[in-house]
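Each chain gets a letter, A, B, C, D, E and F, in the order it is written, and its residues are counted from 1.
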């Protein structure tokens, strides 16, 4: 099944991005296709390459980048939400791309399911 | 924006569920931005306003004092985008002492059971 | 003590918890989405009116205006602007934000 | 429809609103801080037990374990892991997150 | 960190009010980080746990499944920082069906009135 | 009177930073001293110089920078909270500085009042 995912909160402050990550990993393990992960609202902050969490903590951003690389995930950051919050090409982590809100609607149309993670 | 897919012929029922008050958080505004974009995709779009989401539609919002943009007039522009299904939950209005006449835009006020019935018909529900 | 509440009482339980913890002589300031708690005709009005007997309740006028609520304020709730907010902070030794 | 709730019922009103909007045949999945709503001995247990007659209620096991709540789950609430979460999404045409 | 001021002789009563559950948001963890830093300043520090904050102290937290660090053992380390005033509101415990014996660290359980009395004595209150 | 301010949410997503800004402006107008504004939790995101909000919206970050310049405000971003969220010297806006959590406690000690703005 093709599943779209929307992540609406940034890393660490809320569990939303963690839960979305575990959900995506589990969906891939079960053989589903992740059509796209769309980052909106403060969720755009998951895509900054500048985070350096404490050594004993998970690295939320790198974990997304790695999963994208391993599974060819399409990680899309909303351009308008990103500009509001200072997430632009300059600080974009590997595996993410910046695009328009239309990519969210399109995921809703093309995927069989859309699951939203937020606050 | 990639609009190619809008022409693919798939028409799904999208409902945007608005449950949050305006200004205290950005969800109402950025939710509205999704709604406006979705108009370009020729889908069957509806908006439901329940819980504190009904506050988004209250007339007379004046945001000069908080220096934040008043986006409430945008709801009146939705009709121009062919987004005409605005459902407001009666129970949510009543709990807040609001009446249909106090809303900035024409809506269909309906009971919770009817809201639930329409939610269940959807293909995609995005709630803010 | 000055208690500050910034969330709608329909969305979060912070106003209820704050009112339950506001001691004698305390003041409660409603800001941001918290100002809905200062309005009448709704399901939480009675709780706020009940608190008015024990506690001074204020609401931030710019937030009421932004939300179209300035003509709905419960009698006995005083409205303040940002300078009045500053005065309330200055008048109370301590403030607590109920986040 | 699969309804997803991620907030504590003591902090936010999302669980109450979700249960009021869960139609016949709906399922409710409690995740993150929402799993406290799946536990017994507390002030919201009756509301959740009441919903169990109409609606299937699930809770995410990893979130229960993280919070030390895994042995407190109300009888009749089913626990699932992340793969079970994926199955619930696949089994229901639509999901709605009550944020 | 500038510790000079800790030696300035000013001793204030600081209360950190913990009202949120752990893990769903970072407030409990980053609140605890403030508490640990504050120990270096020789102030009169107390922690109050009320509302969902009491969940922070529940025994048996196992976070491997969510892949987030379990920080609950840190509460046991507070004593080593001379932070020994941990107040837990009885009404908050009871509403959640919790008992003192289920908490990870020794605390003083007290009624809401007593919590309020101690809040009102403070110079600085930071609530998370 | 010396007033300390704590801001715990980022720009735009929550009103906290807006309210804190209006509060600080009003306090200055009334002749109070702002001892320090401390940015914690997601509040560190107020200090990124990369934001570009829509033309018709307020610029939350630049507004803080300008106020700091005009009034000599001490705007302090928590280093640990910043590292978790990708707010570092590289993307720090003018008028802000990065320092430790001790600066918050110190503000609590030295200021006559401490007011917290969050979610």
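One rule holds in what follows: a residue touches a chain if its C-beta (ideal position, glycine included) is under 8 Å from a C-beta of that chain, and two chains touch if they have at least 3 such contacts.
Please read all numbers here as calculations on a predicted model, not as lab measurements.
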item: Separation of chain F from chain B in steps, with touching chains one step apart; value: 1
item: Shared chain contacts [chain B and chain D, defined touch]; value: A, C
item: Most widely separated chain from chain C, with each centre as the mean of CA atoms; value: A
item: Chain whose Cα centroid lies at the greatest distance from that of chain F; value: D
item: Between the pairs D-E and E-F, the one where more C-beta pairs touch; value: D-E
item: Separation of chain A from chain D, taking each centre as the mean of its C-alpha atoms, in whole Å; value: 24
item: Separation of chain B from chain E, taking each centre as the mean of its C-alpha atoms, in whole Å; value: 40
item: Chain centre separation in whole Å, for chain F relative to chain D (CA means); value: 37
item: For chain B, residues contacting two or more additional chains; value: 23-27, 51, 66, 68, 123-124, 127
item: In chain D, residues with contacts to at least two other chains; value: 6, 10-11, 13, 32-33, 62, 81, 94-95, 97, 99
item: Junction residues of chain F - those touching two or more other chains; value: 12-13, 15, 19, 22, 41, 57, 80, 114, 116, 119
item: Touching pairs among all chains present in the structure; value: A-B, A-D, A-E, A-F, B-C, B-D, B-F, C-D, C-E, C-F, D-E, E-F
item: Residues on chain E engaged by chain D in the complex (per definition of touch); value: 20-25, 51-52, 55, 58-66, 68, 70, 72, 95-98
item: Complex contact set, residues of chain F against chain A; value: 10-13, 41-42, 45, 48-54, 57, 61, 80, 83-88, 90-91
item: Residue numbers on chain F that touch chain B, as the complex places them; value: 12-15, 18-19, 22, 56-58, 119
item: Chain C-touching residues of chain D, taken from the complex the two chains share; value: 10-13
item: Complex contact set, residues of chain E against chain C; value: 17, 19, 27, 50-51, 112, 115-117, 119-120, 122-125, 127-128
